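Handing you this structure, nothing more for now.
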Amino acid sequence: MAKQIEVTDVDAYYGSHKAIEGINMTIDARAVTAFIGPSGCGKSTFLRTLNRMHEVIPGARVEGKIRMEEQDLYGSDVDPVSVRRTIGMVFQRPNPFPTMSIYDNVAAGLRLNHRYSKSQLDTIVEDSLKGANLWNEVKDRLNKPGSGLSGGQQQRLCIARAIAVQPQVLLMDEPCSALDPISTLAIEDLISKLKQEFTIVIVTHNMQQAARVSDKTAFFNLAAQGQPGKLIEMDETTKIFTSPTQKATEDYITGRFG
Amino acid sequence: MREGGSAPLSRSAFRRSRGDGPFRYASTGAGILLLVIMAAIAVFLIARAIPALQANTASFLTELTWNANASEPKFGIGALAFGTVVSSFLALIIATPIAIGVALFISHYAPRRLASFLGYIIDLLAAVPSVVYGLWGIIFLVPFMRGPSQFLNDYFGWIPIFGGDQVVGKSMLVGSLVLAIMILPIIAAISREVFLQAPKLQEEAALALGATRWEMIRMSVLPFGRPGVISAAMLGLGRAMGETIAVALIFPATFTISFEILSANGNSIAANIANGFGEANDIGRGALIASGLVLFIITLLVNMAARWVISRRKEYARVAA
Amino acid sequence: MSAVTPEIQRISGMRRFKDKGVQALVYLAFAIAVVPLVSVLWLVISNGLARFDMEFLTHSMRNIGARDAGGGAYHAIIGTLEQVALASLISVPIGLLTAVYLVEYGTNGRLKRSISFFVDIMTGVPSVVAGLFILAFWILILGMPFSGWAGAMALSILMLPTVVRSAEEMLMLVPNDLREASYALGVSKWRTIVKVVLPTAFTGIVTGVMLAIARVAGETAPLLLTVFFTDSINEDPFNGPQMGLPLYVFDQAARPNDTAIDRAWAGALTLIVIIMLLNLAARLITYWRSPARKR
């Protein structure tokens, strides 16, 4: 159920401001792709174009082509709602629905397509929480509010919520940046496990993390403040971290940047 | 809340500056004066109400009629309180759903550039004085509603509230409609502020799960905004109950207890004060003051309940002001 | 887990229908809300212009019989302006000082909390109750006559909470650095407030006061109970019954003949013009001082 994504000449705008320009890449199925690059270079923006979350921001728009297998995600007959249903997303800050219980949080996406029986829901919720390595911690308090969990648990709850709807692709925008090292490790383990089933894209500022979890790495950069961000290079993670072809990439990775 | 400049200044330990004392006392005094005014309102209303209540030959709480100027005064709040509560709730039931729609329109549906302008238009509605709505009500809305009222009575007369033999122009329904129009802007304005504050994080979470706009609103905006909307509705209810001039012009000013909102029923404490004040004698004025005291207490309770609902949520601290 | 889905599924028709249905309802709600405003403004303008003339603005109703045409609202306009000015004179200093107390002096004690609470409660006091209070206190117990001043006191009760809240909000927006910079220069607290804090918040406070004035200028019920009626010009707000524009509209509207109704519309138009001008001025001040315009 994982799929490959093909990106051709993508530009994204906020009003008249062009945030990213001319992005071309292939995101492999059943693999982890990491996006790295300095702050403001458009990693989040690009990630959000992949599931059409970018256009949610007033005035924002996207140009170019993004295909998942044979389907054009920006085709005129494609409903952005179903794109988001198919390509899940985990955000930088954990954002469980505060008024819902843990169970309801995980079931939230499923209930939108209401066609599940109670026992089906129970099974999927349990599977998803297990998939997110959270089941053992919360199985006794499924009816408690999700906001009562720790930050790391909340983030795993959000991952469980995202995988419960069985997406083809999972996008993660700095999923560990608000977490402590232990929770971060838990999430990294989870990512390695999830890539058996999903296509995963992760934005991170942590080089070690990118090196640890990803199969491929894409480095983004921008020429100057106010200029659009661009994809500098993308390759096997080991290649990027040992012998990048671009000098900018090397500078960034070795911390000799700016 | 910010601790506004209340940190002790070690400087002042050396020499208290001249002028600070009087200014501090003046500002504290102004604050206390405000409390005194609130207390005085209660005290003086009670003081003037007591003689009239003692002269009353009927039970103030249950009597329906209002003959306070007679040599044997006979008056009670029964019908008036009933009319006040029923007409205000009717107004609330009409206004709240529309106000929520207006608030959602401005916060989540209208294009952003248009939204603030439209919000301003709705705020303008709130600035139109009630006497103008009253004038509009009797000259335009009363004749305009004759047809619809008759229609409701003819075809839906089997529903008790639309029943009755004689449909009148100046009815409780028309009065409540005017009240609804008057409280709509305040409910809409508060709800809009609350909806705008709904956390973007949760809204995006819902959208990223593949929720439609409405599902996103239902999952993240409405649960967040519910206490705010409830409190807004209660503030609106308080307004409707205290509204005087528009209803004084429109209500039929009868002293009956009936849910038939198309017939000659409908009055309110405030309308009765406005209508009865001109010819009231001394006892009559005291009686009106006594009824005002009841209105004061009812609106006080409603407003305190509204504040209580809103104060339980810190996020709303700014909105409630 | 389920079988491989070949392509992006379309969302179900039911969900799409609900989404569009709610959208339609929301648009409809807005349209419904705007209709009365348009209707009110249209009728006030079109009917009000018939008598919105020099005679209306410069004459009173003295010696104008119930069925006579002519007459005007001069006495009511004068009354409203005086009453509102006096009400501001009472409520602005008290309201401002209270706000200063709440922001600058009140520690988080019981007094501050109860004042803050009662300011909220005061916002909800029905205007007719404010009128009854002044009636009971000033006219019935102290035995003073009906007058513009009595009306002004009633209006000031309605203005007070609005003034306090808006001034409080503006004072809280003044950055603490500014206060501390002043203290660091050895300036005393009260002089800091008077010379630094209040001037910084000044335009914001003026805006709040104008909105408060606009709110009370249209109040009828309190005037009815404290100012009473007159058809003649009375320029002395401390002596004898006056008139007010809202009262004038109410009075004329209750008279069952067309010439009176025309005067009521013209009065309503005058009132709305005054209130909208106040609102507009307040908005303009806010606009001018907004950071976006500061270069």
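Letters A, B and C mark the chains as written, and numbering starts fresh at 1 in each.
The criterion applied here is as follows: contacts are C-beta pairs under 8 Å (C-beta built on N, C-alpha and C of every residue); 3 or more make two chains touch, one makes a residue touch a chain.
Everything numeric here is computed off the predicted structure, so don't read it as measured data.
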Q. Connecting every touching chain pair, does the picture come out as line, ring, star, complete or other?
A. complete
Q) With respect to inter-chain C-beta contacts, which pair, A-B or B-C, contains the greater number? A) B-C
Q.
For chain A versus chain C, what separation do you get between their C-alpha means, in angstrom?
A. 51
Q: Provide the C-alpha centroid distance between chain A and chain B, rounded to the nearest whole angstrom.
A: 48
**Q.** Inter-centroid spacing, chain C versus chain B (mean Cα positions, whole Å)
**A.** 15
Q: Two or more other chains in contact with one residue: find those residues in chain C.
A: 11, 15-16
**Q.** Two or more partner chains touched - positions in chain A
**A.** 81-82, 85-86, 112
Q) Which residues of chain B are in contact with two or more other chains? A) 210, 212, 215
Q. Which of the residues in chain C end up touching chain A in this complex?
A. 1-2, 4-5, 7-12, 15-16
Q) Any idea which chain B residues touch chain C in the complex? A) 2-6, 9, 11-12, 17, 19-20, 22-24, 26-35, 37-38, 40-41, 44-45, 47-48, 97-102, 104-106, 109-110, 118, 120-122, 124-125, 127-136, 138-140, 181, 184, 188, 210, 212-215, 217, 235, 238-239, 241-245, 248-249, 270, 273-274, 277, 285, 288-289, 292, 295-296, 299-300, 302-304, 306-307, 320-321
Q | chain C to chain B touching residues, read off their complex | A | 11, 15-16, 18-19, 22-23, 25-30, 32-34, 36-37, 39-41, 43-44, 47, 93-98, 100-108, 111-112, 114-115, 117-130, 132-133, 135-137, 140-141, 157, 160, 164-165, 168-169, 171-172, 176, 179, 183, 186, 188-191, 193-194, 214-215, 217-221, 224-225, 246, 249-250, 253-254, 261, 264-265, 268, 271-272, 275-276, 279, 283
**Q.** Complex contact set, residues of chain A against chain C
**A.** 1, 68-71, 73, 78-79, 81-83, 85-86, 112-113, 127, 166, 168, 197
Q) What residues on chain A touch chain B, complex-wise? A) 51, 53, 56, 58-59, 81-82, 84-86, 88-89, 91, 93, 95-100, 108-109, 112, 158, 161-162, 165
